[in-house]
Amino acid sequence: MTAVDSVRADTFAKLLAHNAAVRGDRPAFRHKDLGIWQTWTWAEVYENVRCLAVGLERLGLKHGEAIAIVGANRPKLYWTVMAAQMLGAVPVPVYADAVADELAYVLAHAEVKFAAVQDQEQVDKILSVSERLPLLRHMIYDEPRGLRDYDHTRLHPMAEVIAEGEEALKDPGVASWLDGIMAAGKGSDVSIILYTSGTTGRSKGVVLTAERCIAAARDTVTFDKLDEKDEVLAYLPLAWVGDHYLNYAQGLVAGFCMACPESAETAMQDLKEIGPTFYFAPPRVFEQILTRVMIRMEDAGRLKRRMFHYFIGVAKRYGEKILNGERVPLGGRLLYGLGRLLVYEPLKNVLGFSRIRVAYTAGEAIGPDLFSFYRSLGLNLKQLYGQTEAFLYVTAQPDGAIKPDTVGPPMPNVEIRLSESGEVLFRSPGMFVGYFKDDEKTKEVLTEDGFIKTGDAGFFDPAGHLKIIDRAKDVGKLNDGSLFPPKYIENKLKFFPNIKEAVAFGHERDYVSCFINIDLTAVGNWAERNNVVYGSYQELAGHPLVYDMIEKNVDEVNRSLAAEPMMAGAQIRRFLILHKELDADDGELTRTQKVRRGFIAERYAPLITALYDGSGEADITTEVTFEDGRKGTISARVKIRDMRIYPAAVKEKAA
Amino acid sequence: MRAPDMDAGVTAGDVLLAVENVSLRFGGVKAITDVSFDIRKGEIRAIIGPNGAGKTSMLNVINGFYHPQDGRITFKGRTRSKMRPYVAASQGIARTFQNVALFKGMTTLDNIMAGRTLKMRRGFFWQMLRHGPAMAEEIEHRKVVEEIIDFLEIEAIRKVPVGRLPYGLQKRVELGRALAMEPELLLLDEPMAGMNLEEKEDMCRFILDVNSQFGTTIALIEHDMGVVMDLSDRVVVLEYGRKIADGVPDEVKSNQAVIDAYLGVPH
Amino acid sequence: MFYREAGQFKTNYAADMAVFPILQDKIGIALILTLALVVIPLAGNAFFLSVVMIPFLIFALASIGLNLLTGYTGLLSLGTAGFMGVGAFACYKLTTIFPGVNIIVWILTSGLFAAAVGVFFGLPSLRIKGFYLAVATLAAQFFLQWCFIRIPWLYNYNVSGAIEVPTRTLFGIAVTGPNASPEMRYYVVLGVVILLTWVASNLVHGRIGRSWMAVRDMDIAAELMGIKLLPTKLLAFAVSSFYCGVAGALMVFLWYGGAEPEVFSINQSFLILFMVIIGGLGSLTGSFFGAALIYILPIVLRGAPSLVGLDIGAATVEHLTFMIVGALIIFFLIVEPHGLARLWQTGKQKLRVWPFPY
Amino acid sequence: MDILYNIFIDPFVQMGSAPDLFVQTLWEGLVSGVLYALIALGFVLIFKASGVFNFAQGIMVVFAALTLVGLYEAGVPAILALVLTIGVMFVLAVGVERIVLRPLVNQPDIILFMATFGLTYFLIGFGELVFGGNPKVMITDELYLPRGSVEFEMLGGFVSLQKIDITAAVIASIMVASLAVFFQKTRIGRALRAVADSHKAALSVGISLNQIWIIVWFTAGIVALATGIMWGARSEVSFALQIIALKALPVLILGGFTSVPGAIVGGLIIGVGEKLGEFYWGPLVGSGIESWLAYVIALGFLLFRPQGLFGEKIIERI
């Protein structure tokens, strides 16, 4: 019966009411505050949200009006989202670290009438651009610190708004009015607008409706068997689809508990304390964790270090097989069991991964070795492929059927097809209704039969798992006609801890070559241990021993490329190590740390010329921006190495 | 002796503490000679002066650690010839020290909790059990302490023994411990000594926040003149144990005796 | 390595302020208690119980007492044995004057007498600190020991000049005197030690413990915060002496079964001070470690030669034991001046962050 | 009333009625005071230079005396045995510095104090192992120390002075005088005093801390040897002697931990106080009060003048 109720609920407000009714005593939200995990049950949250909704309504928030949500993950901000949805208003979460200008753009574009913010910092930010926001009527803040002396005509502490609502709700008339509003909420109402952080141009507002969001969340909750006993750490940005989907939507559907960390600095510690059962992190985070693990282990005693590496080796051999339920010799199982005791479980414990049942990563390609590393420890890490426009999920790897280099088969109820050019198109239950105030863009993205163009190039492997190789527009061709997916190659390189960034070139050229940025932490550590003396980044980057080390990495990438029939032509023929770190301040990276290939190619033109004219080294002078904003130039002579090329693997061996 | 009274025009409230004609000697050494000044409710009062001017001794007199030979101290309307440390503390005077005087073997949390000692009532019997009322009391005070930790933004070091903390953080913990006493008068002995610029800015912000949010009256000794002029409502200047000036920062800045004292013009 | 702290989060302050907040530690304590309450009495023979376990527990209790004073409050005392003696003689007088009252009541009550004497000798602590205070406690030690010899009333004018422990029963079973079984005595000692350890842990984790440590770490700051020094120090003396007194009573009634004043000599005081320092100042766990090392080690050393078949004279073994214990004290002070408790802490921390080194 | 009379009047009546006995008692007190002072001197030397409160000073006295007698019993001529013993004390000083002090540098006082406890245990075990646990007779004659006594007729009675006691007093005076010269006039002595003030200052004098420690421990060893000979000549050489080391504590309280003259004066006060107390007031409470009287005297002193006889009033700063 409860299941029926849950299925019938087509808005988040109804889901919330449902949760309060069937699991009112279960924890819904936690927040590490004042030293302990303050906890609210579903019933308490429901009460608070009702009060907040009435309070907001009293301030004048109406059906269909937009309310911006700005701040870190705080229960009260999530409640504001719920309260707005309860009223039929449209929450518009904004990245807390957005600069005032970006914030002003989103708030103005979304025509927000209200803003619910975390603290003084956000209040100040909004006040600083208030002249661009003539529609903004009221601001509500969570943390009163420092705001005492502000003009409070249009500024309200959230606690007060809730208290006012509580007072009003004592009137049964108001309560039944609210019940009425909730019941009148339709699944087809807009439930949220999520602004994407586009790599190019202004961000677009992705409009999602309640019924679609909930439908999608139901599918994935079933898919991963999530239930009310699960816990998640809500540390992803509020404004990102990942947080809204994985934590908020799934949380309301499954009824699990969302825990908000104390602050960004303590997130790792909080992760360890909470020990979530469902976890998501982008590959970058997993990579950082692995790097830290390896660096910390280097400081361990010899014996412990050897033991660690031995058992990591054991895990590599057997771990994934055991996780996938494949056959493993008894000896292997025993060794793995010992490894669990000595290494894997303690390691997962200190990382806070002990209780994870399902973990996902997405956003960009994850290095297969990195992916395998975590899986081999017994962590059920999976990949998914998704987009804001899909309300996240398009494909995901089911338990026990993991292929590291794919993103899995389509999710239930998701249709996928490939265009002639290899672009991935999909239609999904959670898909958006359009971009806010931008029909043109919406039309660009949608096909006539209602599929969404992802802009990614990919193909299905024989098992039906989707493999994404690159942005469709980025995939190039070498002069000999073979495929050149730069990002695919770069990702393979970046998996090595020594390599921080890589930029591959090859489109309309004879062969592939690339720039490499070393990772100062990892290589610096290595240098220290091996008594390699260096005075600067530049010196370290140009050190022959460092070149040797990187050469080995590149060689390995070539081997793995050679093993894939479609990619064999894209092996790296020549590479160089850049004398400076690619930097967002110099415009070489986007603010989200993605390489701007075109800009780099232009800026380092002499180096590219050298890569393709066969010379052994090249001179380069570049302008740089120092940390304090001053500009200067650095010049260097950069060496170039030639690599060995492996023959392509034969597609199918003769029987 | 030129000690012009420049009090006129500054009204921050009633007098909270008045020191009248206080003199303090150690054997034959005169540390303070006939100093009088007052601290008004809600203000930030700075005590400045060259090294050895008797500033710290003055704070020690105010909270009863030193007993002056002459003079009177009036706190909250009660006049005494000398303070006693316990009386000062229980009447609402808290302080921090020039060289951090934290309880090194205890954690940040325990240090600040120790600041709540005076407010805790449960006796030995309940303390032995650490259950029931004793635990309830402990929790009640822990909540207050957590608010302070939150206020001073030291969540991350909550359970770290203070001996392991860097100097700047120790000073912050010490401020927290003083705040835990919910003082009416907070004496800060060089709260920013030995800090880098960023830490100083943080500390200034905290001092102002304490003053404005809790309405705590603050008396502070500080060497950084910029800080003093920015922070304080009124300044008293000591030199060789005597008061040479007293007034709002701008007046004091232009006072000839003060300029002489700081530039070292011989008397 | 055995710690699985992920997911052990606290949703209320009571849980956060628990003495053992980590689940694995709770399990560990439960195991130790089971071992002490069930396994040892079942598996141990009479020798093990009466020669190893009972004295170990009594010394641990005395060490806790001294640790409360020296480790937590920072007041050095060399009069521990004197206070233990007060407990022992008080208990003897009480049970001979009122034989009908349960002996356990008197054992605990005798601690109060020791506490009173402790407070008296603690009075100078207002004005003096450190080694100077040690002299005050030495005065207590020698004065009390002198009293034990010179006041015959204390030992009921026995010709031997010593306490002769009478038989006392609990639920009809002898717990003291020659007929008391080692198991029974062990259980009584264990019960008292568990109870008092629990109380000590409660004290040091609350307001009183914080005041003690505040006085220890920075007495001036503590005073200016309104912690009255004299009452705080005297309370430490009282509680500490109470523990020592109870330990002294237990020692005579449940271990020796009789005692001459010589038992409470300065050497006994030193022995307990060793236990505290080697175990770790300011650590209750350390008191147990210290008692184990200082008391049990010599037993092992004495037994070792015959175990491996060496024939060394008893005197030689005794001398070698002295040398080894002395050398070990220096060794431990060099390796970890904060005592075995700190070593334990470090080891535990290593296990918690395993496989990482820090 | 009787009690008050017995405490406050009677003893003085007794003193007045038998002044010869009083002088005799006074002398006895002075003599044991000299020995206390010698032990305290050993403490002060080490405390001054290294801040270590050396509990092992007592056992060093025993150990030195035992070594001397032991060597003699093994057939070494007395004077050579004396020289060899001095050598042993030097080896001990070096050993202590290397094995105990150096690794414990910068540790809190109580830790160093405990380390000297460990040292005490070790030396007890070692001494008993080598020389056996039985008391030995000091080789007084062989060291050309006088025996017997001189008697004076005075105040209507006889006062008898042991020659060995007179010798002890003389030797103690010589030692104190030479130490004073050593501290005041020699470079090393000045360095030692500098160390007492600040370790850095000593380094600037150009003497390493390690050397200084060896020197003071060696000096304290020689003082211990002298003490051991004197004490041994009066009674016997036994391990019970090490407990008298504790008597040095009240002496130090009176005299101050860092003052050489303080140690002497304190020693004499304690010695005299103890003997007079025992003789005149002891019988009131059943005698034996010698065991604790010294501490009570020191305690009383502490309450009224915590800085000791020669110390200055401490102003606490914060």
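For clarity, chains are labelled A, B, C and D in written order, and residue numbers in each chain start from 1.
What we mean here is this: contacts are C-beta pairs under 8 Å (C-beta built on N, C-alpha and C of every residue); 3 or more make two chains touch, one makes a residue touch a chain.
Being a predicted model, the structure only gives us computed values, none of them experimental.
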Least hop count linking chain A to chain D through chains in contact: 2
Pair exhibiting more inter-chain C-beta contacts, C-D or A-B: C-D
Centre-of-Cα separation between chain D and chain C, whole angstrom: 32
Whole-Å separation of chain centres (CA-atom averages), chain A against chain B: 49
Centre-of-Cα separation between chain C and chain A, whole angstrom: 57
Euclidean distance of C-alpha centroids - chain B vs chain C, Å: 42
Chain C: positions in contact with at least two other chains: 12-13, 220-221, 224
Touching two or more other chains - residues of chain D: 316, 318
Of all residues in chain A, the ones touching two or more other chains: 35
Of chain C, residues touching chain A in the complex: 1, 3-13, 15-16, 352-358
Chain A residues touching chain B - in the complex, by the definition given at the top: 33-35, 145-146, 148-149, 262-263, 265-266, 269
List of chain D residues in touch with chain C within their complex: 53, 99-100, 103-104, 107-111, 113-115, 117-126, 128-129, 133, 243, 246, 249-250, 253, 257, 285-289, 291-292, 295-296, 298-299, 302-303, 306, 316, 318
Complex interface listing, chain B residues touching chain C: 63-65, 85-86, 88-90, 94-95, 97, 101-106, 110, 113-118, 120, 122, 124, 127-130, 134-135, 138-139, 142-143, 177, 181
Residue numbers on chain C that touch chain B, as the complex places them: 12-14, 17, 199, 202-203, 205-208, 210-211, 213-214, 216-218, 220-228, 235, 282
